[in-house]
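Chains: A, B, C and D, in written order; residue numbering restarts at 1 for each.
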Amino acid sequence: MSLEALKSAVLEANLSTVRSGLVTATFGNASGIDRATGTVAIKPSGVPYEEMTADQIVAVSLDGAIIDQRLRPSSDLATHLVLYRAFPEIGAVIHTHSTYATIFAQSMVPIPPLGTTHADYFRGAVPLTRHLTNTEIGERYVEATGDAIVEAVGDRDPMEIPAALVAGHGPFTWGRTPAEAALNALMLEEVARMAWCSMMLRPGIRPISTELLDRHFLRKHGAAATYGQLGDET
Amino acid sequence: MSLEALKSAVLEANLSTVRSGLVTATFGNASGIDRATGTVAIKPSGVPYEEMTADQIVAVSLDGAIIDQRLRPSSDLATHLVLYRAFPEIGAVIHTHSTYATIFAQSMVPIPPLGTTHADYFRGAVPLTRHLTNTEIGERYVEATGDAIVEAVGDRDPMEIPAALVAGHGPFTWGRTPAEAALNALMLEEVARMAWCSMMLRPGIRPISTELLDRHFLRKHGAAATYGQLGDET
Amino acid sequence: MSLEALKSAVLEANLSTVRSGLVTATFGNASGIDRATGTVAIKPSGVPYEEMTADQIVAVSLDGAIIDQRLRPSSDLATHLVLYRAFPEIGAVIHTHSTYATIFAQSMVPIPPLGTTHADYFRGAVPLTRHLTNTEIGERYVEATGDAIVEAVGDRDPMEIPAALVAGHGPFTWGRTPAEAALNALMLEEVARMAWCSMMLRPGIRPISTELLDRHFLRKHGAAATYGQLGDET
Amino acid sequence: MSLEALKSAVLEANLSTVRSGLVTATFGNASGIDRATGTVAIKPSGVPYEEMTADQIVAVSLDGAIIDQRLRPSSDLATHLVLYRAFPEIGAVIHTHSTYATIFAQSMVPIPPLGTTHADYFRGAVPLTRHLTNTEIGERYVEATGDAIVEAVGDRDPMEIPAALVAGHGPFTWGRTPAEAALNALMLEEVARMAWCSMMLRPGIRPISTELLDRHFLRKHGAAATYGQLGDET
């Protein structure tokens, strides 16, 4: 993949989060990686979305060295890099403050799998990180945020749980491509909204059964997927 | 009705669910049937709505035999076919994951008739299916979903209750035409949203009286309907 | 005022309720009256809003005699006529099923004046009608709905409380002109939404003081109003 | 800054509150000040937003003397002037009745800092004014509203808490420029909405730690800010 193609895909993922209503003001950032070269492309910091161009997308190496110097990268860069190093299968990371996912993150409540809408995208509860320590907040906040996400995912397959909630902060999602990570960010928000309303309507509500969860997740993902057209990537 | 006309009406019903905000991503599917020939036309699986054309709508027979081979039909086809075979009066079926109807389905709560908005479209509570058994989930999930809907409607007239909630999943609606099924999907979502808010505001709220329910339903439906212009279909 | 001008104003009020999101499908109806001639112009029954023209607005006399025969008037006509006869100051009536106002009507809860947003448009709680009797529902439903509204307004000034909630049904608003009635319908919905959220956040919440209520209401209405430009109608 | 430039910036801030959905009907008003000349430019009273021009923005001096006589200024002018006199650092003030911020104001609940979205814009809880006395309401309502805001901010830095809720009424926000005050109004509404939902989901929810709050606020504001591009104003 050329660097231009990567930057275009990253720009488009950033813009799609705005179009979908997941991002207000300059909140949020999307990045992508070319695994062949180890180049990460990420949104510049604080540039208004309406003026953003592919040219302004910042390129860095997997260890954070700047490849393209024109603009400062998103202030959340270090979190993205931790995720790329920990999860070799992923090709893109997106951070938003989307309303309902952020509400769960603020409320310190993982998002339980209450229906098949959830199961079509996430195989089980969307995990929540622990609180960072004051030392972590003071000395290596952004990187420690990534570490906490990796810790929260634990030994689950990151391609089956392509999202996590950072305690008191908001959601990160990922995927094989920037477009897939953006779709996961959109579905996470919808699933969070439905979960919030369901938990208000029915306190003590229980997750759907493992059988129903797996039936839906595996219909869309993995080797035995039957959803979509033959040869579809997703 | 020509197959082209049927496919066009089905395409339009699919697109209208997106325009109305009932459908996100590739969720949802609408179908229609030509009762004269027994041909069912249904959305293809996993095709993005913005690229969908009438040509891509898949035609199958009532027992599921493919008439038009170009694309795979919606993965929910078997549910639609069960409904067409069980309810001879209906001409279209729509499945969505619309937010509030899905919340009721996830929360295992039928939608009670709390006001005349509900009564104008649904003569009584919108029913909820039982949970499927693990055997049903594992061996004949999609067809069993249809059976559970038919079981939940029971001996009520499907034209008077043109919707049901599948437990842990989401709503199905139907109607005489694809346009009518789409309108029922839209009104179901609005009625569900109002019911959710009413139940939060007033725990223990009771349905409206049978007299008021019937007054509104029969004003718009059946032989003695007085709503609309003379000669109107609806 | 010419009949054409009245019909145009009524059409515009009907369309504005759709643009403002107060009306879904064919719900809702707006009317206006020319007090000089006693002619009432009202939305036709069941005509899709996107196709509605000023020509199709139906003209009737204050006692319901059809002046212009082309289309059947809104099925709620008799309610509008009761209000015009009981409240000589009003020049327009609008009925919607707007979401939050309808939620209060369904929940049998008058909308309390919880803030100055409410007070800028409604001088006190928005009243709720009693339930209609089965005889009223069976024999003179639409007219009895109007009677119940008049009864709920009681001896309050209808220009100070330009709205009421019909139990189990939804809101009616009114004003001097179709545009003012439409604005009142819009503000009622916003006020209802805020009241719903406030009552959820703070159970047992109390209305604002009479002093604050009057300060805001009288700033915008009545002989001593100071809001807007000199010579403004509102 | 020329008076024309100030009026244009004030017009744009007024219009942006409508575009962002913070303002319905003629609610809301934005103003800006040129500190060099002491000229305040403010929205005219009761003019529909869709017709408003920069020419119609009213210019007054800091003590309220009219500089430009064409239209009456916003009825909330005196509140704005109190804030400009009390907070010398601010260059703009905006008042809205935005839904969720107003809900907190009506419910007499300050907005607690529940997450980093809040911390990125407001360093601590958004304060709530006391109730005005009946004498204040009767004799100097608009000015007393400003005094109550200043009292509620107390000895906190108004640039670190660029918003307050007026009891039973709604929010005021401020900033160095009209654009910054408008952004603060938008973020206040989003933060209020998230706080409302979080408090419903998790009664008794606690604010984030001071360490996390400061980490986020100081990342975007003050001498050591690291967010955005070098040389950015914000």
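Methods note: a contact is a pair of C-beta atoms (placed from the backbone, for glycine too) under 8 Å apart; a residue touches a chain by one contact, two chains touch by 3 or more.
These are the chains along with the protein names UniProt gives them: A, B, C, D = L-ribulose-5-phosphate 4-epimerase.
Keep in mind that what you see is a predicted model, and the values were worked out from it rather than measured.
Chain A maps onto chain B through a rotation of 90 degrees [Cα fit, steps of 5, range 0 to 180]. Chain B and chain C have centres, each the mean of its CA atoms, that are 33 Å apart. If each chain is reduced to the centroid of its CA atoms, chain B and chain D end up 46 Å from each other. Contact with two or more other chains is made by residues 200 of chain D.
Taken as a graph of touching chains, this assembly forms a single closed ring in which every chain touches exactly two others.
Of all possible chain pairs, those that touch are A-B, A-D, B-C, C-D. Residue ranges of chain C in contact with chain B, taken from their complex: 24-27, 44-47, 71-72, 75, 97, 99-100, 102-109, 131-132, 134, 137-138, 141, 168-170, 196, 199-200.
In the complex of the two chains, the chain C residues touching chain D come out as 114-117, 120, 183, 186-187, 190, 193-194, 197-198, 200-202, 205, 208-209, 211-212, 215, 219, 226-230, 232, 234.
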